[in-house]
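Both complexes below contain subunit A, partnered by subunit B and then by subunit C.
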Partner chain A sequence: MATVVSGLTLGSLYAAMAVGLTIVYGVSHVFNFAHGHVAVLGAYVAWLVLGTGLGFGAGIVAGSAAAVAVMVVFGWGLYRLAIRRLLTRDGWQFATLLFTLGLAILMQYLLLQAFGPRVKSIPTFTDGSVLLWFGRVGIHQLIVLLLSVALIAAVGLFLQRTATGQAMRAVSLSVPGARIVGINVERIFAYTFAFAFAVTGLSGILLGSTVFMTPHIGWEWMIKGFIIITFGGLGRIQGAVVAAFFLGLVEAFVTLYAGSLWIWPAWLSLFVIALMVRPQGIMAGRAA
Partner chain B sequence: MLEVTELRGGYGDLVVLHDLSLSVGKGEIVALLGPNGHGKSTLLKAISGVHPATGGSILLDGEQLRGLPAHEIVERGIAYISEERDLFTEMTVFENLVLGAYGPRGRPHLDRNLQRAYELFPRLADRRSQRCATLSGGEARMVAIARGLMSGAEVLLVDEPSIGLSPALKRTVYEAIRHINDDLGITVLLVEQELEYALDLAARVYVLKHGRVLFERSAAEIESTEVREAYF
Partner chain C sequence: MSAAARARSLLTPKTVGWTVVVALAAAFPYLGASRFALHLGMLVFIWAVVASYWNLLNGYAGILSLGNLGFFAMGAYLSAVMAIELDISPFITTVLAGIVAAVIVTVLLGLPVLRLRGIYIALLTLVFADALPSIISLTRQWTGGGVGLLGIPTFLPGLERWQGYYFALLFCVMAHVVLARIIHGRTGLAFVALRDSEDFAVAIGVDRFREGVKVFAISSFFTAMAGAVFAHTLGQLSPGMLAIDQFVMVISMWLLGGAGTLAGPVVGAALVTVGNEYLRVYGSLRLGVLGAAILLVVLFFPGGIVQLAGTVTAWFRRDSGGSASLQPPVTTGGPTAARGGDAAARART
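== the complex of A and B ==
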C-alpha cells in the first residue's frame, strides 16, 4: 500500500510535468524536445530564490512565483522570437523538432555553466510522516501528491472555464475554425507556450523536491513526458494523466520488486508494447 | 456596403482570382454561381481573410479590409461560413456557439445572440450539450451558420450551405438564410451551385468563370440558358 502511495505520487508528478508538453503539442503541433529542461529550469529558479535566505515557507512561495514569471516570459518570448517564424515555413514540423532539440542541448550546457554538475534538490516541505491504516507515509509525499493533483485540476479548469482556455482548445481542434470565429491564432499560440511553460516550471519544482535535479536530468524527464503523451494519445490531456499515473505505479512496483535499474527497461518495453497494440493512444476515440 | 475591386489571389503559383470586381448592397442577398474551381470559394476566403488575396481592394463601408488578419475582419462585422464547416467537433453545440462570440464584438451580446441562434434553429437547442462529432450533416451545417451569427456580423459569407443535404433540410437551411436577411437585416453573399435555390433567395446573381465576373443579372432577368452556357 505504501508502494501504491509512492506510485500515485510519482504518477501525479509525471502527469503535472507531461501536461505542459501535451498542451503545447495539442495546440501548436510543436513537439518540444526542450520540455524537460524547461521543467529543470523552473526548479533551478526556485532553488536560487530559496538560497537567498528567506525562510522555507516564504522562499518556496516566492521561488514558485519567480519560476512562473520566468517561465511565462521564456515561453512567450520563445514563441514570438523563434517558433512563430519557423511555423510559417514549409517543413515546419522538422524545423521545430530540430530547433527544440538544439535548444535542449543549449539549455543543458547553460545550466551546467550556471549551476555546476552537482546534484541539487529542493528541500522537502516537511520531514514528518503520518501513520495511516496501512503503514507510515511521508507527509512530504502526500503534500506533493496533493499539489500535483491541484495543479492538474487548475489546468483543467483553466482550459474548460476561461475564454482563453476555450480558445486554446478550439485552436487545438481546428485552426481554420478558430480563425473564422475570430480567434487570433498566433496570439493563442503565444499564450499556450507561456501557460504551458509556467505549469511545467511548477511541476519541475515539485519534481526537484521529490527526486533531485542536475543539468542533465531534463532529458530523462522529457523522454518520460514523451512516452506519457504518446501512451495517452498525442495532445489528449486526460489520456496523458491516466498514462502518467499508470506508469508511476509501474515504476513504484518495479523499484520495489526488481530494483531501480529496471525502471527504464519497464518504461520502454511498455512504450513499445503500447505502440504496437494501440498506436492511437489509450484514450483515442473518446472525448478530448 | 461591400465593394470588391480588381481582386487577385490564388494558391502559390496558381492564380485563381483575376482582377475580380463585384459589389453587394446593404441588406441584399447576392448569389455567386459558376463552375467549380473558378474562384467562388477563393473569393469568400479572400474577403474573410482566411486565405488572403494578393492584390486589389476589399472595402466594407469604405474601409479597407484587404491585408487585415481574419480575426480583425470578424471584428469589422463579416462572418464566413465555410463549406467544410470547420466545427470544433470534440466540443458541444453550446461550446461551439459560445466560441462564435469570442471576440469583443460578439461577447457583450452573447446571451441575446445565443437565444437568437436557438430560435433560428430550434433543433440546436435540443442538441446543445451534444458533441458536434455526433451531429448529422444537416445539424452540423446549422451549427456552422448559427456560430457565424454569434459574432454579431452584419455580412454573412456562406459557401454552399446546402451541399450534400436532403431536399427537406435544404429548405430548412434556405428558410433560415431568408430569415437572417429579412428579419435580422443581415447582408448575405452566398455561393450556390443550384440555380433554382440561388434564384429563389437572391435578388442578384454574379456568374464567375476563370476567376472573373462573366456577367451579373438581377434574379428576375436571368435566363437559365445563359447560366448553363457558363458551365461549358
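== the complex of A and C ==
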C-alpha cells in the first residue's frame, strides 16, 4: 500500500510535468525536446531563490513566482525569436525537433556551468509522516500529491473557462477553423509556449523537491513525459493524467519487485506495446 | 546503361573529387602522420559511416531516427561478445553482428515505427538507445556492465595503429560506395518522390513502408558494422559511448556538415572528431559549443557546411524556404508537387 502511495505521488508528478508538453504539442504540434530541461530550469530558479535566506515558507512561494516569471518570458521569447521562424518552413517538424534538441543541449551545458554537476534538491516541505490505516506515509508525499493535482486542475480550469484557454483548445482542434472565428493563431501559439513553460517550471519544483535535480536529468523527464503523453494520446490532457498515474504506479512496483535497473526497459516495452496496440488512437487529433 | 555512358558517368567532377580524397586518405600514413593522427583518422572514418547512415534515415528518407548510436553500440557489443565467448574471427563477427543487429532493430523498431510518423519514430528510437545501458548492465556477465569490456580481439593480433587506420578506411569507402548506390538508385528516388508528392508517388506504386524497412535495415546494418569495426580496432568498449555527449557529437556531424547530402556527414565527422580532440582540455564546453552550433545551423543555414561552401546563389536562396532538397519530407510538400511527379515516375521504372 505504501508502494501504491509512492506510485500515485510519482504519477501525479509525472502528470504535472507531462501536461506542459502535451499542451505545447496539442496546440502547435511542436515537440519540445528541451521540455525536461525547462522543468529543471524552473527547479533551479526556485532553488536559487530559496538560497537567499527568505526562509522556507516565503522562499518557496517567492521561488515559484520567480520560476513562473522566468518561464513565461522564456517560453514567449523562444516562440517569438525562433520557433515562429521555423514553423514557416517546409520541414518545420524536423527543424523544430532539431532546434529544441540543440536548445536542450545548450541548456544542459549552461545549467552545468551555473550550478555544477552535483545533485541538488529542493528541501522537502516537511519531514513528518502520518500513520494511515495501512502504514506510515510521508506528509511530504501527500502534500506533493495534492499540489500536483491542484496544478493539473488549475490548468484544466484555465483551458475550460478562460477565453485564452478556449482559444488554445480551438487552435489545437483546427488552425484554419480557429482563424475563421477570428483567433490570432500566432498570438495563441506564443501564449501557449509561455503558459506551458510556466506550468512545466512549477512541476519541476515539485519534482525537485521529491526526486532530485542535476543538469542532465532533463532528458529523463522529457522522455518519460513523452511516453506518458503518447499513452494518453498526444495533446489530450485527461489521457496524459491517467497515463501518468498508471506509469507512476508501474514504476513504483517495478522498482520494488525487480529493481531500478528495470525501470527503463519497462517504460520502453510499455511504450512499444502502446504504439503497436493503438497507434491510430494515439495519432488521432488535428492533422499535421 | 551502355558501357560508354557508364564510363562517362564515372568521370564526373564528383567521382574524381571523391577519388582524390580517398587517395589522400590512403597516403596519409606515408606523409609522416603521427600515431595520434592515425588514431584520429580511424575515428573519423568510423564516425563518418555512422553519421552518413544516420543521415540516410534522417536527411534522405525523412525517418526521424534518434537511436542510431544504439545500433552502433549493439553492433559493437554483439561482435565483441561473439569474438570473445565463441572465439570466432573478428572479420566474421563484424558481419554477423551487423546482420543480427539489423534484424533485431528492424523487427523491434522498424516494423512498428515505420507505420508511424515523425515524432513517434524519433522518440521510440531514442528510448531504445536509452534503454541499452540498462541492458548492458543487466548482462554484465558478458558485456562487463558499466566497467566496460576490455581485451576484445582485434582484427589482427597486436593490431598496429596504421593497420587499424586502413581497416577503418576500407570499411568507410565500402560503406559510402553502397550508400551512394542506394541514394542514386531506386530507393533514393522513391524517397525523393514521396517527399515531393506523396499522393502521386503512392498512386504509381511507391510503397513508403517497404522502402522505409529497406533503409532502416541497411542503415542499422552498416551502423552496427561500424560499431564492430570500432570494437575490433580499439580493443575495448564502454557503455559511455551511449552517453549524451557522443549522441550530440554524431548528430552534429551530419547536421553541421549538411543533412541530406552525401559529403556533409563526412565533412562533419572530420570536423567534429578533430575539433573534439583539440577542445578536450575545455571539458564540457564542447557540449555547449555543439548545442549552440546546432541551434544556429537549424535557424540560419539548415544545409550546414556543405550548403555554406556551395555557390553564393544557392546560399542566398535559403531564406525563401525553397531548399527542398535539404529539408526532409515531414510535411506533404504542396508547392513542390510539380517536381515530384518526375521523380516518382523515375522511381517506378
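Here, the second predicted complex is superposed on the first by the 279 of 288 C-alpha atoms of A that agree within 3 Å, B and C clash if a C-alpha of one lies under 4 Å from a C-alpha of the other, contacts with A are read in each partner's own complex, and residues count from 1 in each chain.
Operating definition for what follows: contacts are C-beta pairs under 8 Å (C-beta built on N, C-alpha and C of every residue); 3 or more make two chains touch, one makes a residue touch a chain.
All values derive from a computational prediction rather than experimental measurement.
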**Request:** Evaluate whether subunit B and subunit C can sit on subunit A together after superposition, giving fit or clash.
**Result:** fit
**Message:** Let me test your reading of the model: by the given contact rule, A:A82 touches which partner, first (subunit B), second (subunit C), both or neither?
**Reply:** second
**Request:** Identify the partner contact of A:L103: answer first if only subunit B is touched, second if only subunit C is, both if each is, neither if none is.
**Result:** second
**Message:** Quick one: is A:W262 in contact with subunit B, with subunit C, with both, or with neither? Answer first, second, both or neither.
**Reply:** second
**Fill in**
Here the angle between the directions from the C-alpha centre of subunit A to those of subunit B and subunit C, rounded in steps of 10 degrees, is 90
**Request:** Scan A:L131 for contacts with subunit B and subunit C and give back first, second, both or neither.
**Result:** neither
**Prompt:** A:S174 contacts which: subunit B (first), subunit C (second), both, neither?
**Reply:** first
**Prompt:** Which of the two, subunit B or subunit C, is in touch with more residues of subunit A?
**Reply:** C
**Request:** Answer with first, second, both or neither: which of subunit B and subunit C does A:N184 touch in the superposed model?
**Result:** first
**Prompt:** Which partner does A:A163 contact after superposing on A: first (subunit B), second (subunit C), both, neither?
**Reply:** first
**Request:** Please provide the least distance in Å between a C-alpha atom of subunit B and a C-alpha atom of subunit C in the combined superposition.
**Result:** 6
**Common ground on subunit A, meaning residues reached by subunit C in one complex and by subunit B in the other** = 288
**Complete:** subunit A partner, complex, touching residues on subunit C are 58, 62, 64, 108, 112-113, 115-120, 122-124, 126-128, 130-131, 134-135, 137-138, 244, 248, 251, 255, 284-285, 287-288, 290-295, 298-299, 302, 321, 324, 327-331, 333, 335-336
**Prompt:** Tell me, which parts of subunit A touch subunit C in their complex?
**Reply:** 25, 31, 82, 85-86, 88-95, 97-99, 101-110, 112-113, 216, 219, 223, 226-227, 230, 261-265, 267-268, 271-272, 275-276, 279, 282-283, 288
**Item:** List of subunit A residues in touch with subunit B within their complex
**Value:** 163, 166-167, 169-170, 173-174, 176-177, 179-185, 287-288
**Contacting residues of subunit B [partner subunit A, same complex]** = 48-50, 69-71, 74-75, 79-82, 84, 86-91, 95, 98-100, 102-103, 105-107, 131, 147-148, 150-151
